Amino acid sequence: MGKTVDAREAAGMVKDGMTVMMGGFLGVGSPEKVIDALLETSVKELTVIVNDTAFPEKGVGRLVVADKLARVLTSHIGTNKYSREKMNSGELKVELIPQGTLAEQIRAGGAGLGGVLTPTGIGTVAQEGKKIIKVDGKDYILALPLTADVALLKAHKGDELGNLVYRRSARNFNPIMAMAAKTVIAEVEELVGVGEIDPDQVITPGIFVDYLVNGKEG
Amino acid sequence: MEKVDKRNLIARRIAGEFKENDVVNLGIGLPTLVANYIEEGKNIILHSENGFTGVGMPPASGEEDPDITNAGGQPVTIVPGGACFDSAMSFAIIRGGHVDATVLGALEVDAEGNLANWMIPGKLVPGMGGAMDLVSGAKKVIIATDHCTKAGAPKILKRCQLPLTAAKEVDLIVTELAVMKVTEDGLVLQEIAEDTTVEEVQAKTDAELIIPHEIGVLK
Amino acid sequence: MGKTVDAREAAGMVKDGMTVMMGGFLGVGSPEKVIDALLETSVKELTVIVNDTAFPEKGVGRLVVADKLARVLTSHIGTNKYSREKMNSGELKVELIPQGTLAEQIRAGGAGLGGVLTPTGIGTVAQEGKKIIKVDGKDYILALPLTADVALLKAHKGDELGNLVYRRSARNFNPIMAMAAKTVIAEVEELVGVGEIDPDQVITPGIFVDYLVNGKEG
Amino acid sequence: MEKVDKRNLIARRIAGEFKENDVVNLGIGLPTLVANYIEEGKNIILHSENGFTGVGMPPASGEEDPDITNAGGQPVTIVPGGACFDSAMSFAIIRGGHVDATVLGALEVDAEGNLANWMIPGKLVPGMGGAMDLVSGAKKVIIATDHCTKAGAPKILKRCQLPLTAAKEVDLIVTELAVMKVTEDGLVLQEIAEDTTVEEVQAKTDAELIIPHEIGVLK
């Protein structure tokens, strides 16, 4: 059930050392207002699960610059030089995961699966340290589920029950992360009344969402 | 008690178990009656495994929408704020622990929390449908059942004899005679109906009941 | 890419012995016009993957009555007495699968996964003959992917590129089956022009759909 | 040839590989240019792994929609008939074999169809993004690359030295000098550019090329 909070209250739910999932693809579809508020807190040592570390001035990239992260599970850090610098200096632990595998691991976490078998990464370093399972003579990597303490999402519209719709490529990882965290907070561009979103058009059912931040009010 | 009263007693008692904002899935038959007793202020959201949240009351006769049925195929409605999804999402919700409580019937249920409610070998093999997922995935599994079979045999056993729906997942059993909680040590008798006794309940129960000092009234 | 065919042409693509996925939950969301046409053909010995065998006069249930099926993979046959009779007489091979596992197996088939680990059915007969994999001390059943030669779907609207939207609980297994068959045929209640469905509201992207049947024309 | 001409030559040649109604994913950089040469009548549908089908041309300056970018973060448009989805669906499309062809760049590619294009240990570790999924999932993997590095060293090797993106998945390699097909036996030289010779191509290629009787012209 969605309960409206302001960005500061939302940021306050993120505590030192927590694992946080954050929507966005190169910063598109990231909860910028909540990130603004996070930057005002003293929170630190976060483990962040995110598609990429975006840019220094956008999305999760701003948390990298501000030294909020101890560890990041991601598919790409190439657009943020600070991610690279902090990885090289040992300040930031970076775990690289193929993008489709990352998506399935998050979905598995939300869907109560013990893991999925993926062919992606077989014959590459991505299989190192992973359990390999053969099915019908073909090797697959066992990708384990990922879950988080908090998911920080961005949606286009949300109703007061937490039902969400997204816009264009700003959808990306947001809907699967909505399923995989203990506390789910969605920043919406527009807060609408219950019943204003047609049930057929809901992408994230409200039952996954704990709190809404009205992006217009911040 | 008349049968209809017994069923309503069970349904009403179970509705009291839900907490505010709970997501609840009600099985077919007796469990469906529970919806009639849910307090409106609690904001309970009903999940239907055929693919939506926000199950509403049955429509008036003639107002049925063929595309809106519950998991038993009965016409229902979708309340404002409902959401539709496909079967993979529906069971991701169930298996992923996003359903706070499910209410299901039983052929047999036992002292370890095992449940058998989907087949009788050689006689009735309808299939498990979504029951195995519901029982193993929902956070709280509540069984709504007559205390005994029509023939008067106990349904609450030391150990289920029929093929299981899930192992050790049941949390609470509510019958027309009693409310029993499944614990590590066995079934604790929490409440009994006004017109019965602890002795009668135990006599009609194959599993040995743990009898606490205080027992509430099932009403 | 969607190419419009009539129901008879669609039914003609189903050949003896093929594996066919069919949308529908107790007949809601089933392609009844294509089923009408299938009943006019001599096709037989089909393996059908379907949530349930519906009712004798509805959905896939009609194919059971007409002896079109040799085998069915399903979660439930309890509403169709002919399924039970033919199972008991040995005419119909019935393989029962928990509904959520069936959904994940179909999705895995469409998503190129080698399987998924599910906790559902552990400690029951559903685990018989299945590989059990332990993750973090907990047992899971390895559920293998399912694919089909043909998927016969029902949608509310479809555009000429095959993009589909569904209505209410008629969605059910249709979107995942759209991903998992070599030839995907969707019967739509309304055929609309390209661009008439907002990209954010598409549930099944047109790239999955090979043929459309206009339900209004049959 | 000027660098821009070389790139356009490669892009144009690759566009000719697509069949009617193909679903195609174009990588960042040179592969993106391929879009400029796709024949309209072929009904090619472009897939963008950040979550949609129907990638259109970049918008006019000032018309950018911040919610519509390609996988490289560049503003694009969505054509009528496009469809948006989440990342799990996007990679289900890729991994499930629903992408007919992908075009990607290379740091190294080899005679066995191995590809390395995502990292240089100790120097460049951006991450694989969606490349591993694309190379192992797409039905046809086409590599668009300069024939040699800026320093003049071969990029088409007997065996990749850098960490692989995927093993034995490449089908076709197109450079400004040649078109090479990956086969069980090694790389078959299918076409060479007008301004080169078989000898020059082999001299600039570390892998031994199989030279068929007839070689086409890359144009």
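Note that the chains are named A, B, C and D in the order they appear, and that numbering of residues resets to 1 at the start of each chain.
In the analysis below, a contact is a pair of C-beta atoms (placed from the backbone, for glycine too) under 8 Å apart; a residue touches a chain by one contact, two chains touch by 3 or more.
Since the model is a prediction, treat every value here as computed from it, not as a measurement.
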Intersection of contact partners for chain A and chain C: B, D
Of all other chains, the one whose Cα centre sits farthest from chain A: B
Comparison of A-D and A-B (more C-beta pairs in contact): A-D
Chain centre separation (chain C, chain D; CA means) in Å: 35
Centre-to-centre distance between chain D and chain A (centres being mean Cα positions), rounded to whole Å: 29
Cα-centroid distance, chain B relative to chain D, in whole angstrom: 56
Shared interface positions of chain D, touching two or more other chains: 52, 78, 84-85, 88, 91-92, 94-95, 137
For chain A, residues that touch 2 or more chains besides their own: 104, 107, 111-113, 118-119, 156, 166-168, 171, 199-200
Topology of the chain contact graph, where touching chains are joined (line, ring, star, complete, other): other
Chain-to-chain touches, reported pairwise for every pair that qualifies: A-B, A-C, A-D, B-C, C-D
Contact footprint of chain D on chain C as seen in their complex: 1, 107, 109-113, 159-161, 163, 179, 194-195, 199-200, 202, 205-208
Contacting residues of chain D [partner chain A, same complex]: 48-52, 65-69, 71-73, 78, 84-88, 90-92, 94-95, 114, 125-133, 136-137, 163-168
Partner chain D, residues of chain A touching it in the complex: 25-29, 51-52, 74-79, 84, 87, 94, 96, 98-104, 106-107, 118-126, 156, 166-176, 203
List of chain A residues in touch with chain C within their complex: 104, 108, 111-119, 133, 135, 138, 140, 142, 144, 156, 165-168, 171, 199-201
Contacting residues of chain B [partner chain A, same complex]: 21, 23, 43, 45, 47, 52-54, 78, 80-85, 88-89, 91-98, 137
